[in-house]
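In the two complexes below, chain A is the common chain; its partner is chain B in one and chain C in the other.
Up next is the complex of A and B:
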């Protein structure tokens, strides 16, 4: 019980770091990394919640997180593709990189 | 991106983050400690799904819609990457400029390729009983493809060939098609008939893992200015 609360709080901290990256830091790459961190924090919270009762982790939480991981990988991949398109097609993109 | 955020916005955002963190922590501390009805049901009725692992049962059987849509989202990402991502003729240097093989690449690939294939098949097989399953197996397959791509064992062309397109859609296609099977047995969509549960789930998992691997490869190739035609 106590241990899972610790993990939930760690997850909340990770979520906050990710939000900081998305909302405040300039630069697309940092925003994508922030989105990833945000997702990781949410997964940590979900898994810690699922582990709360009993020895086995809640199977519903596990499959939700599995789905979430795959979706987050997909979102990251697509946003990286878009970012690459943006940086290569911007005028003057050859000289400076974001 | 030069537009810096003003200090007022920063303070506001951080205050909101603090409020959210406190609320979440409060929820975490006050939540009841016993597991919900739905997860107990999933654990007790796992035998009905035809597999022993509750996670696989939830993923493919009890909440099949989620996974079907997830696979479709991945396919969409691959299509998007193929549409938006780079083409070969945009003059950019390839990820590995030199064509010649180093001393290390070939022996490493020869060593790693069978091991990765074996690990992937093991994950697929283990998915019925313990941790493992389609996406884990697919990830290993995808990393295998990326390794081959980096070592230039997979050759590049402008458009993905027919084989690769088939590999991309085989997972979603199998999932949707086999979901219709249950209708012919008088059940609802995605409610697999009990006597052929495990076979159907294994078939779906195998195809989904192949598609996952292919999607990862294609997206990586499109991000990195390489794309596929066929294995040499």
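Up next is the complex of A and C:
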């Protein structure tokens, strides 16, 4: 019980770090990393919730997180490709790095 | 007969894969075949719903607490029907649009598979009765809508699509947290089971807050609208029509669905008022911004911000009287049809001019005459002139406001309407300006492009005539209570 609360708190901290990256940090790379952290924090909270719900680990929560991870990977891959396209299309691409 | 619930999801998805495999061999025959079969799968479901009433399908025979259910009632059928009609017409339009100008072939190859996956995701969203499945469909919409914005290779479009992606995924993750709250509290993901068992407690209020914030970000309500105008205006015109007409309505549909099932007993009037207030700010701010834009597609995109404001104004109205939601649906559908018509007309104009700067429309060539007429016709619904769907919506809002004595909303609606007259007429007035000397140029706008836009505009304009049968269809399964 205590352990899972610890994980929930850790998840909330990771979510906050991710949101900070998205909302405050300049630069697209930081925002994409922030998005990733946000997602990871949400998954951590979900897994910790699954442990709290019953004595055993809840398999449904784990399958939800698995689906979420698949979506998160494709979002990250796509956003990185997009960012690469943006930086190469930039006129002075060499000097200005994100 | 229950199996017909699966077809609207599976057929567009299969079509997308086949179109992807066809690649450069995509032609009008294939497009017609696949879009007609997708449309007819929706029509088959409509026919069965009219005969048998609501239907439920257990995927793979698992059933509700563990498996995923598809469920169709009046609410989902009306949305599916309209979105299928709009997507079908846009497939026809885009075929001519890609041909009209020098577009690289790879745009066409990427556009159609994405469009059909979006179609499938849209239908799945309207049919799902599982809150996690709704999260997946939201992500399907995001991951098809964002690449479609990035189809036009301009740097501005790429930046707009990256911003759109980040905001939309943030919204989905907030929604996912809400899903986790509901699951931990009541141990199920099925909407109808949740609606029966949910009780007011901090956990359900947390879920309500997280889901509402996530969904209103994705629907572009006022403080979170900033991603919408660049993304919708930089995309190729058929894509803008899909995004503004349909994609932002997906999250709005989920909000309506939840407000009438899961959150029915735990909602607080204060939250409804906050949503209504944000909607009111969006109405004024969006219209004000639309007046200031010098590019046509930016103007239309800000008009979407305004119209989303009206849609959220229904939340405080419906807290005492749930039949108000029916009017909200009619208003949202009228906006879907008229807004896609407006963006398609903007596409016609972009075929003739290089840029869509509004000031350059002075003395436009005669091949644009019909396009301007369509712009005016679709604009009538945005402004709210009878018998359009926009009129039905606004008229009913004001009537309900007078009956319930909440008259302080009325000045906002009237001001918003007057501002919408101003920004629509800013474009339409060029029809009355003297024509400049005409150089002989080939008409780049094909017949089907005008026809599709005209059909969409005509449907939104004449919605006042068939809105009673629409309400009958909506009441199947009484999604808004008796």
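The rule is short, and it goes like this: the second predicted complex is superposed on the first by the 95 of 98 C-alpha atoms of A that agree within 3 Å, B and C clash if a C-alpha of one lies under 4 Å from a C-alpha of the other, contacts with A are read in each partner's own complex, and residues count from 1 in each chain.
Operating definition for what follows: a residue touches a chain if its C-beta (ideal position, glycine included) is under 8 Å from a C-beta of that chain, and two chains touch if they have at least 3 such contacts.
Quick caveat: nothing in here was measured; it's all calculated off a predicted structure.
Shared-chain residue A:35: touches chain C; no touch with chain B. Of the two partner chains placed around the shared chain by superposition, chain B and chain C are both touched by A:67. Of the two partner chains placed around the shared chain by superposition, neither chain B nor chain C is touched by A:6. Contact with chain B, but none with chain C, is seen for A:80 once the two complexes are overlaid on the shared chain. The larger set of touched chain A residues comes from B, when the choice is between chain B and chain C. Of the two partner chains placed by the overlay, only chain B lies in contact with A:24; chain C stays clear of it.
Residue contacts after overlaying the shared chain place A:45 against chain B and chain C alike. On chain A, the patch touched by chain B and the patch touched by chain C overlap at residues 19, 28, 45, 49, 52-53, 60-61, 64, 67, 71, 74-75, 78, 82, 85. For chain B in complex with chain A, the touching residues are 1-5, 9-10, 13-14, 17, 20-21, 24-25, 28-29, 31, 33-36, 38-39, 42-43, 46, 54-55, 57-59, 63, 66-67, 70, 73-74, 77, 80-81, 84-86, 90, 92, 133, 135, 212, 216, 219-220, 222-223. Interface residues of chain C facing chain A in the complex, by the touch rule stated above, are 66, 132, 135-136, 139, 142-143, 146-147, 150, 153, 155, 158-159, 161-162, 165-166, 169-170, 173, 176-177, 179-180, 183-184, 187, 189.
If you check the complex, the residues on chain A that touch chain C are 19, 22, 28, 31-32, 35, 38-39, 42, 45-46, 49, 52-53, 60-61, 64, 67-68, 71, 74-75, 78-79, 82-83, 85-86, 89-90.
Against chain B, the residues of chain A that register as touching in their complex are 1, 5, 8-9, 12-13, 15-16, 19-20, 23-24, 26-28, 45, 48-50, 52-54, 56, 58-64, 66-67, 69-71, 74-75, 77-78, 80-82, 84-85, 88, 98.
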